[in-house]
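Okay, so chain A shows up in both of these, paired with chain B first and chain C after.
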Partner chain A sequence: MSPAIVKLIAQRLALGVLLLLAVSVLIFVGTQLLPGDVAQAILGQSATPEALANLRAELGLNEPAYLRYFDWLGGILTGDLGTALSNGQDISESLGKRLSNTLFLAMWAAIVSVPLAILLGLVAVQHRNGFIDKLISATTLTSISLPEFFIGYLLVYFVAVELQWFPSVSTVYDGMPFNERMSAIALPCATLTLVVLAHMMRMTRAAILNVMQSAYIETAELKGLSPFRVIFHHAFPNAIAPIVNVVMLNLAFLVVGVVVVEVIFVYPGMGQYLVDHVSKRDIPVVQACGMIFAAVYISLNIVADIVAIVANPRLRHPK
Partner chain B sequence: MLELRTIPWSARIGLVLTFIFVFVAVFADLVAPYSNTEVVGDVWEPVFGDHILGTDNLGRDLLSRMIYGAQTTIFVAAMATALSFGLGSTLGFTAAVIGGLVDQAMSRAVDLLMAIPTLIFALVVLSVLPGTLIVLIMVMGILDSTRVYRLARAVAVDITVMDFVEAARLRGEGRVWIIFREILPNALSPLVAELGLRFIFAVLFLSALSFLGLGVQPPDADWGGMVKENKEGIVFGIPAALIPAAAIAMLAISVNLVADWILIRTTDLKGGRGNG
Partner chain C sequence: MSDELKYLSDRVARGLMNRRAFMGRATALGVGATMAGSLLSSAAFAAGPQKGGILKAGMVGGESTNSLDPATFASQVPFALGRCWGDTLVETSPTGDIVNRLAEEVSASPDARVWTFKIRSGVTFHNGKTLDAADVVATLRRHSGEDTKSGALGIMRGIETISQDGDNVVVALKNPNADLPYLMSDYHLIIQPNGGNDAPDAGIGTGPYKVVVNDPGVRHVGERFADYWDAPNRGHADQFEIIVINDATARTAALQGGQVHMVNRVEPKIVDLVKRVPGVSIKNVGGRGHYVFIMHCNTAPFDNNDLRLALKYAMDREQMVDKILRGYGTVGNDMPINGAYPLFDESIPQRSFDPDKAKFHFKKSGHDGSVLLRTSDVSFPGAVDAAQLYQESCQKAGITLEIKREPGDGYWSEVWNKQPFCTSYWGGRSTQDQMYSTAYLSSADWNDTRFFNEKFDKMLLEARAELDLAKRKALYSEMGTIVRDEGGLIMPMFNDFIDAVSDKVAGYNVDPGAELMNGYALSKAWLA
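Take a look at the complex of A and B:
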């Protein structure tokens, strides 16, 4: 790798770290400095003044905000996410297992949906403006209008309840046999795949079409190269960057979609954990989860940027 | 002129369905056979029994709940969309007109907001805010205005360099005039095309929040909240939760059909005016 690329990648990484820092400020401000009293919000209107004072002391609300922020940030950097208000448990401990559950689910959804979407995108390009292409774009229009829980509960209703192929509730536990675990995540995984598939496919189609319509492809065709050579030597290297970008954007989308899907299937992951603690107004947990979700989301976007730079020499020389 | 027969059939279906949804939502009190909270029968009575859509998890008439749910869903989503458009386009135009440091600062702030997934940030903020409708509309509108801001700014940047804006500047018009009298009328068609998509997003976003129990609070219900109320029935083979979920999908699809048609119309041939 040339030093120019290394420098560009280093710049992206530094930018990412800066962005994460800014996001941490935003999340902290969002949960701490909003109008109204956090202690009051947690305990409700009927709380006694003593209880309020106790909780304020416990939350450290009597200290200035910037000190609390640096305390919290320092904790995150050393892996200490604090303790949950609702049950006094250590957050890092309860999060670890849930994070790996969530990543496991998201990973399998990605393994299924990415190749499928690229394949279908290629099919759509092959039959451009034909019946299959029209069908695909109609499906896309429909599927971006469907809420995740509609797809999820349809699957539960027909596949889990009527056909009884897979369990409707995705219970997973430590030491679960691999095939049982796969059967448990089958439906959430299918839901996530359906949610992102259409979008990813449409964007893949657009990316490939964009490349196929460019002048150098026409030149390659006109000088009589075989279609195979045109696609693999001329079109493919140029289409990698946009396709990787599409995939990464959708993976980032997957990380968010996982929240609703986990609640549908009662899957013990990060999303479920976050939602439970939002309704309990357990702020330390919400902050930690928000930070982790944001970090995963930002990292995926940075990876997309870096892959694009490595795959496309034109991006190495910004104007 | 816009003639009825030139509207493609997909957009016609979309228009009719959207109109029905809005009509039902506006006249919910007249259309609904029962009240929102009245218990009229057993828990989870089947569809097409005494009650057309059956009853919900507490024995309330599902059709009436659906109709009142339409009112809440469409009202909150429409208010949030209006807020996001008002805020986003005003700020976007302002950034484009003033330019320089102000533009930089606003655009970077929007980048920062968009670096956090919308749903996650909404959950974080809703964990400390009270669960009222106004708060919900504010959170949804402000978070979504980042997208409108980007679009409005991009459109306005192209317009601000045009001669008529320059002319207005030279004759000494103020910024408010330039934003609302010069830029807004010329930026309207791409913004209107985006309006439908933002509304769909607001409907889906509200439904997701309510489904997670953080949107509209009971006993009021929007469609997402009704899915949450009835979801326990699914594993017993009771499809009550699928009905509001399907309604959300129907509303989103019909608005999408209309938005798609407007998008094609406005991107066709020079702003699409006068070519049906």
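Take a look at the complex of A and C:
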């Protein structure tokens, strides 16, 4: 690896850390602006003034906001996420479980959707403007146009309730046998796949078609190479940068944007965990979730950038 | 019944013979089909609970922020879960009577000021410790202490001292209260070893099930506790499982797909659809919960009783029950009490929609311009629609109602009990005294109608100390009338609890106390 790339990666990483810091301040300020506090939220309608005062004192909410922020920052820098204000559970432990669930679902959705999208894109290019191309575009665009909760409910109705192939409730837990776990995530995984498929497939198709206009493709065709070989070996490597970009965006979505799917399928991931804690004004947990989401987003984007640079020699040697 | 028939129906009940075979054999013995059918069901009931299986409930009302500490219980899942692993001193039965549980005997001094609870012997906690009076004293103290954050603090405040006397726990009150046993049935007051002071959220109790998995907001699993003191009547399943399913559609789908055996809070608008699902039945019961429109009696323009009356007459209660509850509820009468409470006076006249009277009182109030109502769907399901219906019926009475939709997040801290006119709900309490003391006494923390009436306060204290039921009933009747005619409460409807239950479940008897058999469904019902 050339020093230029190392320098570039270092730059990106430093920027990423700075961004994370900015995000943490934003989240903290945002949660402070929300009406009510954690004591009020925990006790809800049944709050009495004494109970509120006792709980506030116990949770240390009487300290100024900036002190609480620096306390938290000190904690996170030493790897301590603290404990949830609302139920006293250790955040790293409960969050870790949720995070691994989210990543598990995202991973399987990605394993299914990314190769499928690229393959469909390639097939669409090969049959461009023909019936198959139109069919692929129409189906994937339909599935992206439908709101994800609607796709989810359709799958629940037909696959879970009528056919009873897969369960509609995707509750997964520690010690669940692998095949049961896979059967549990089948429907949310299918929903997510349908949601992200079109974007990646369309981008693959467009990027490759763009390259296909080039002279060297014509040369390859004139050499008598098979159409698929032309696309896969000659066009695809040159179209990889925009495709990776879109793939990364969609991977980020699979991790950070799946709250609705989690709710429909009752999947114990990060989204529901975050929503619960926002409504309880449990700032340490919201902060921790926010940081993880931001970190995922930023790092995937860094990866996309780096791949784009590595894939394109022209970007590797900036003038 | 002939011995032969008895033998046959017994075999069916034990699952040794199927229904069809029984009907055939019974008819062969010369019994008609109808008769045979009823023999069969009584045999199934007489055979009693069947042990075994995993009983599963899909429930709304669980968050990842839930804790096993009973002091923090506020939503449905912790409530039902607490019923599984813990016991209270006493309970209310489906008919509203007090049932002794961990208290073997309850007695009061003649003036109802000092109460004695004899603690049951031979009860063990899940950690092996034997229950004694000291545990009960410590529990009650933890919920009533100065620095408690317990949700039961409101009802514990009337207690002066809690002391141990051998096997007895003696509770001395500041003022006489004939209803104290009802207060002790509160779901927060689960008896814990040493009062839960050592580990409040350990989930160790004396209940029929031990907590095995506690994954807040996701699932809770428990297994039968071998040394349970009331094993013949509770804890029939080998295991129970509560899966938190906050989405209504997902909950229904889970029941339809057979992943759970019972669900809570079926939305009124889909009840008729759920009824058509094979193998599922709807269990609904009228309870004490109610949906309210509340005005602050001390804030302009609602400090004028004529305006309050005008707004009360402008409410079309029948329409609310029809449209918002789809018939799964009963009309209210501008007081928080209905027939589900002991000592309710049925003879108080029902207020109905009367645009002319509304017009009359509105004019008399001298109020000019519109009235602002704040609402949100968190205040009760369908609240925004209810507000719009109310706007229309007000229009008919010449009153302009302006609706402001507030964000659901923060509604309970920023709108309810703060703004002068908004929608809300109450879960109801077990007695009239408790309901009125919680929200209508001048000094109540949750006096959300800002109702300050000296005469009412005096009567409330008088009724509390009154052991003569007829006199008490008369007092409550008068108090109800005062709230109805002078209070800030517009009370259109009492909502039913609507559960849906799979046919695989037996022993399911609704309880007006709360949904899912007052939270006891997982321990009292069984898999047939």
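What we mean here is this: the second predicted complex is superposed on the first by the 258 of 319 C-alpha atoms of A that agree within 3 Å, B and C clash if a C-alpha of one lies under 4 Å from a C-alpha of the other, contacts with A are read in each partner's own complex, and residues count from 1 in each chain.
Throughout what follows, a contact is a pair of C-beta atoms (placed from the backbone, for glycine too) under 8 Å apart; a residue touches a chain by one contact, two chains touch by 3 or more.
Everything numeric in this text was worked out from a predicted model, so none of it was measured.
Engineer: With both complexes superposed on chain A, which partner does A:Y273 reach: first (chain B), second (chain C), both or neither?
Structural biologist: Second partner only, chain C.
Engineer: Now for A:G88: first (chain B), second (chain C), both, or neither, which partner does it touch?
Structural biologist: Touch partner of A:G88: chain C, not chain B.
Engineer: Where does A:V263 make contact in the superposed view: on chain B (first), on chain C (second), on both, or on neither?
Structural biologist: A:V263: touches chain B and chain C.
Engineer: Would you check which partner chain A:P284 touches, where first means chain B only, second means chain C only, and both and neither mean what they say?
Structural biologist: After superposing on A, A:P284 lies clear of both chain B and chain C.
Engineer: Examine A:V161 and indicate which partner it touches, taking first as chain B and second as chain C; both and neither are also allowed.
Structural biologist: Both partners, chain B and chain C.
Engineer: In the overlaid three-chain picture, which partner chain does A:P188 touch, first (chain B) or second (chain C), both, or neither?
Structural biologist: Neither partner.
Engineer: On chain A, which stretch or stretches are contacted by chain B in one complex as well as by chain C in the other?
Structural biologist: After superposing on chain A, chain A residues 34, 36, 41, 153, 156-157, 160-161, 168-169, 263-264, 277-279, 282 contact both chain B and chain C.
Engineer: Give every residue of chain C touching chain A within the complex, in rising order.
Structural biologist: 58, 63-67, 72, 74, 147-151, 153-154, 201, 213, 215-219, 243-247, 249-250, 253-254, 256-260, 409-410, 412-414, 416, 445-446
Engineer: Using the touch definition from the top, list the residues of chain A that touch chain B in their complex.
Structural biologist: Contacts found on chain A: 19, 22-23, 26-27, 30-32, 34, 36, 38, 41, 141-142, 144-150, 153-154, 156-157, 160-162, 168-169, 252, 255-256, 259-260, 263-264, 274-275, 277-279, 281-283, 286-287, 289-290, 293-294, 297-298, 301.
Engineer: Touching chain C in the complex: which residues of chain A?
Structural biologist: Touching chain C from chain A are residues 34-36, 40-51, 54-55, 58, 84, 86-89, 94, 97-98, 153, 156-157, 160-161, 164, 167-169, 171, 173, 263-266, 268, 272-273, 276-280, 282.
Engineer: Provide the residue numbers of chain B that touch chain A in the complex, in ascending order.
Structural biologist: Chain B residues touching chain A: 112-113, 115-121, 123-130, 200, 204, 207-208, 211-214, 224, 227, 231, 234-237, 239, 241-242, 245-246, 248-249, 252-253, 256-257, 260.
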